[in-house]
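The same chain A turns up in both complexes below, where it pairs with chain B and then with chain C.
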Partner chain A sequence: MKVDNIYKEEKKSVFKKVSEVIITMASRPSGFIGLSILVFHIILAFISPYIAPYDFKAVNPTLMLQAPSAEYWFGTDDLGRDVFTRTILGGRTALTITFFGSLIALLWGGLLGIFCGLVGGKIDDIVMRIVDAFLSIPWILAMLLIVSLLGTSTEVLIPALGFFYGKGIVRVARAATHDVIAKDFIVSARARGHSNLSIIWNEIIPNVRDAIFVEGAMRWSWMLLGFSSLSFLGFGVSPPTPDWGLMISNARGLMSFAYWAVIAPIVGLSSLIIGINLTADAFAKALGIDRSTKAPV
Partner chain B sequence: MLFLIIKRILLGFITLFIVSLITFVGTEILPGDACTTYLERQAFGEQLEACYRRLGLNVPAYERYVSWAVNAIQGDFGYSLSGEMPIKEVLGPRIKNSLVLASAAIFIGIPIALILGIVTALWRDKLPDVAISTVTIFAMTIPEFISATLLILIIAIWLEWLPGVVIVPTDVSFLKLLPNIILPVIAIAMIMTAHMARMVRSSVIQVMASEYVQMAILKGVPYWKMVFKHVLPNALLPAINVVALTIAWLLGGVVVTEVVFNYPGLGRLVIESISNRDLPTVQALAIILASIYVSINLLADLMTLMLNPRLKTLQIRK
Partner chain C sequence: MSDIIQKVKNLSIGFKSKKGEEILILKNISTNIKKGETVGIVGESGSGKSTLALAMMGYVKHGLYTIGGECEFNSSNLLNIKSKDLEKIRGRKIAMIPQNAGQALTPNLKIGYQIDEALQLHSDLNYKEREKKISELLNKVRLPSPETIALRYPHELSGGQQQRVAVAMALAGTPDLLLLDEPTTGLDVTTQAHVLELLNFIAKDTGTSMVYVSHDLGAIAQVSDRIIVMYAGEIVLEGPSRDILKRPIHPYTHGLLKSIPKLSLAGLPESMPGSQPQPGTIQDGCSFFDRCNFSEEKCKNNSPQLEYLKELNTSVRCFHYKKLLKEIQINQSVSKIKKNSKDKEILNLSEVSISYAKQKLLDQIFNRISDDNPTVKDININIKKGETIALVGESGSGKSTILKSIAGLLRTKDGLIRFDESRNLSSDLKERDPNDLRIIQLIFQNPDESLNPNHTVEEIVAQPLKLYFGLKGEELKKNIIDLLQKVRLGEFYMSRYPRQLSGGEKQRVAVARAFAAKPDIILCDEVTSALDVSVQAAVLNLLQQLKEDFGTTYIFVSHDLAVVRAISDRVAVLYQGRLCEVGPSNDVYKFPSHPYTEVLLGAVLEPDPDIKPKLVAEDIVEEKPPEKGCSFQGRCSRIVGDICKTEIPPWQLTNTGNAIRCHIPIEVLQKEQFK
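What follows is the complex of A and B.
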């Protein structure tokens, strides 16, 4: 009976904590704007297939490069496809891939970082050397290598992005673990004879969780940046999938007389990235973590 | 002190060694190799054998790595696949062009970032801070290819002030290059400046809240004297390291910007060589870019060491 009660209370407090964090985030103007943009994009990603007025891959040579009109709100592109349809659908791939990518990054980066911080010694040294080496390869070169090695399907892009953006989380998780490792409750857990696994799960994770989540939120926006750059360079998703980066690079050559085909995806992508960034910033502030002195690695 | 410097340099070399291993293994497991790409349909029998012998691909992988590494240390990266010319010669002018671009962006960006960062910190939460901070958030979050595309659309196409695409041969003289690089430099400097301005801002704010600055205020030190004598030297020190990391991170952005402006630099070479499966060039580029990253960071560490007497006796952070 008593155990049951404790369990319920814990459940409730987690839910309460989350809603409190969200309320704190929304109480700042920048956090509120960021959250609204992000929520708008997420809802749009879910409903866009049902509200899209045209088929995103319907090519119509008689309607090439039409200016925006009542019929085609954002005009048409060089193949006569409706730009409005392609723009509202253009965030789905990017959002899905980068969201799951950052989850993977969080998981492996966080766990490896905690592990290294806990065991220390030789293993820690070796892993950190390798992480440093990966950090010093420019992200674009590494991503291009991975993509040309394994192809550009979703099943490749998610783990590839997750792997590549997780290495920075390793450092953050390790540093956060170092901060708690010398505290009394860890020492007493060890004295009680708890295993490393139990210490990680019950003592360390609750204390480093916030820092890792904030880092993961930040990674999400960088990953989106990286992913759309890849698409822009022609190494991301393949046509005719509607994707903002791809749309911008396709329409760029013709923008001297069909600027609408470039502006629409630019607005879509910029607003999403800004939304995620503001949200991540507000998230960090709501949890009381100062990220402003961190370099974007 | 000396020991610390030597240790940092050694660690840098170890990092480069691991990078070379990673890229070598990475390019090694790419499907196909230099010969099958080069010969395409004729990749069998006698010709394939001859090609393997010519490029030295018929020896085990570790032997190739050792000979490649020995040559690379001497600056010889072998032959590129597509042009069949020494990679050294392909790289030379490209490195020069990219250096011009990057250093122009850095020389414009750093002073502006310092001024903006200091102004926003000193007028914290007032109008200048709110205005500048909002602009920097936009500038640092929008991807380079978007800001570059918008710059071309507005300044080159609508206003027709500057050329939008760089159409010059790879080995052009500096003066002819100059009008062409204005837009790319703005595109790169914008995002870099925004990042650095934010770091300088928070660094200055931290120092302003410290006890010795409070003490100086209480002692009645004039405001600007305090800012220049007590705050800035202490605030800019920690910023050096972060700025170095940012510059290194922006190497990726330089690649994208060069592609957008069709600029004949290292970045476009990265894309070209990966599209063409020109593996020897990819390896050379990986090592060169990683060395740039490592040396920028090393330089930042050394600068912090030189400028901060407190660190001379301490072990700097790992």
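What follows is the complex of A and C.
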């Protein structure tokens, strides 16, 4: 048949698939901007310790609240520390903690959601009510409780954030599973006698992973904001570690006459969040799970 | 000419591919719709028939655009007039009846209100007149007691009634042209026949022109005066309906009519090879070249033009139509199916009942099912090794429910399912051992849903092989290739995903997966109803061939009596989850038969203008089986008295070995039905 040659498509390697998705993402202006911002921040996080012009914790009372100049590009803060140095270093902790936090959220939220969606019935009912109960607790209060009990070390923050941001993913994963579960290929696998685990791994995950990844990417940006809020409240990383949330909190009282000390970390934080959001959006579009498709008429 | 109301001139519609190529969905279509005539547009999915119908009301689907040509209505080209002017035409001059009326009606507005809306928009009547008009319209589409229907919500009506309401709404603007896009496709056989009869009546009564789009030649044959056959975006044949159905002079139509199973012929019809090309794949040459029996070198590189034959009043797009002109009749040859059923029983259902009722807490605790009037009741069927038994009935007759229970997917309430004369199969999936699961495999209706879209064909077919036989590596691959060849697919299909396959190919993969388990019984749930007509026969032939090779037993569920006739050895007719008639397929299709079978047989639409459906019973839909008496009492036209309502009818044997469950004595039935 003629059709054969035209529609022939070899099975692609994972690497090729991923690179294809990234190319599709970058072919959209918004996706390109998002990806560039994200990549810029990630590269910056890796190289900033080597390019930082000053020591981030060097206090110098003679240089307090200097306006931006050729020497101190973003000025100095109330302790005379260089704002530029602290700003380029300030994303590192946030980025690392939230990245691993979202991975944990993705993993437990996704798997639990898929499992509940598949088994249904009483187990599903009970688990979902527990998730609902947790959803009803303001996360920041619960986080404050955990942090004040267990401290603010990375080992506490990552799992705690991962837990609180995974709750929402449970719902998304469960809904995505419900879309697939009624399809005949699942019925067929059940009738053949596959185990639940094999059905989850072989039949469901390939069909829901895209939706869960996109949700995970969105959670990442929310978690960044959440983590920065914690730092802002003094429950994230502890001084003198440079961190955007902490820097905003410190400099906010002096905003009226030393705006530079606030603006630099704000730009850093919001550009990263915008970058992640745009990337997640482009990711969803590239995978074809775009929710903003036009109505037919 | 003044009697032409819609003129389509050189219309081409297409889209731009990712690479920027222009891909045509409709290629240079020209046709006219005359006043008062009904034109049937027939074609497979993807042939462009719906795109053409929508263009006739000035609508081009999102993503498509008009490349050239025009649709002229009242001397204005609908494809480039202002949307304000278009509003005046749509509904008032041209109305559309959608495929699925259930989805086209707003669920939270009353029927009367929705018709009133259409009237407000498309007529100048005042409140009083509109009220009168609503009941007039509902009367016209033969809905019982219009006053009560008008106060109901769409979900309170049956599918057939909803479709009638859609017709009434389309008629509200007294249009000159009615476009019908597969209006009966989702309906039951009996309902479909009733709706078509109504459309015929309306066409005559109001003199409205109709354009009837369908894939079903049987339905088209009942309503149209003229037929347009479309293939790959082109008109390949156009002419008076009788000539086209009786003496098709295009090889595609000819082959199509030959491949449709008919009630009058037992056995499998010839199948057409291949499937319709995807849009954009054929640049030059005849689009039917690959599948044509008459093709020559000439057809490969030259596209035939649509040629008008004056003496036949027919246009045809083929170089070789003269060869077909000589054939006076379609010689449908069928291959008689070999009976290789042995006396050995392979599956026995005894007294099986299945209930969907929500169970009370107490019953849930004791893990039992209690329901006095279960959905499926008293099913006794004895299935012999190597036979094909068909379960036939309308939607809601419980035929798929029985399949699910046999597969262990649905718990039975009572009764036993016995395999191979000795082994009782548990009705709970978890209690069956792997071998019990292996011996029964399922093939589903819609291959789009039954194949995981993220698995390659190789992975799909490998699953049962890995699960039941633990195959690995080279041996696994060899087995997969072997299976693919058995279902006539090449080795190169292994790396493809379902979305890269056509409907027929997907169903073949599903068949290969079922056979991979080396099952004794295969449950086929409406396996051909999602396929195009030209592919259907090929899949049926394949199933028959595999059965002869492997000695498998098929339990075949279908609503299509002609398909069932073609493939099955024995038929069981179900109504409301109760058996009505069981017997060898040759005898079930002959009278005397159960009154319900009679209704079903009467409603079958054949692609022959001379065979009209016989409408025996009303097309009402019953939601629950009656608690006492015969299951068919609500719709039966031969009801004999109170006995039908109080006592369950006895089984009666006809002299051909056919069992009928009815109170009327066989002799009486025979006399009545032969009249």
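Here is the rule we use: the second predicted complex is superposed on the first by the 277 of 297 C-alpha atoms of A that agree within 3 Å, B and C clash if a C-alpha of one lies under 4 Å from a C-alpha of the other, contacts with A are read in each partner's own complex, and residues count from 1 in each chain.
One rule holds for everything that comes next: a residue touches a chain if its C-beta (ideal position, glycine included) is under 8 Å from a C-beta of that chain, and two chains touch if they have at least 3 such contacts.
No experiment lies behind these values; they were computed from the predicted model shown.
When both complexes are overlaid on chain A, the residue A:122 reaches neither chain B nor chain C.
Counting residues of chain A touched by each partner, chain B versus chain C, the larger count belongs to B.
Once chain A of one complex is fitted onto chain A of the other, the partner contacts of A:188 are limited to chain C, with no touch recorded for chain B. Chain A residues in contact with chain B (one complex) as well as with chain C (other complex) are 294, 296. Across the complex, chain A meets chain C through its residues 1-4, 6-11, 183-185, 187-194, 202-203, 206-207, 294, 296. Residue ranges of chain B in contact with chain A, taken from their complex: 14-16, 18-19, 22-23, 26-27, 29-31, 137-138, 141-146, 149-150, 152-153, 157, 195, 198-199, 201-203, 206, 238, 241-243, 245-246, 248-249, 251-252, 255-256, 259-260, 270-271, 274, 277, 282, 285-286, 289-290, 293-294, 297, 318.
Chain A meets chain B in the complex at residues 30, 128-130, 132-141, 144-145, 148-149, 221, 225-226, 228-229, 232-233, 245, 248-249, 252, 255-256, 259, 262, 266, 269-270, 273-274, 277-278, 290, 292-297. By the touch criterion given at the top, residues 61-62, 274, 277-278, 281-282, 290, 407-409, 429, 432, 434, 437-438, 440-442, 444-446, 449-456, 463-464, 467-468, 492, 495-497, 500, 502, 513, 517 of chain C touch chain A in their complex.
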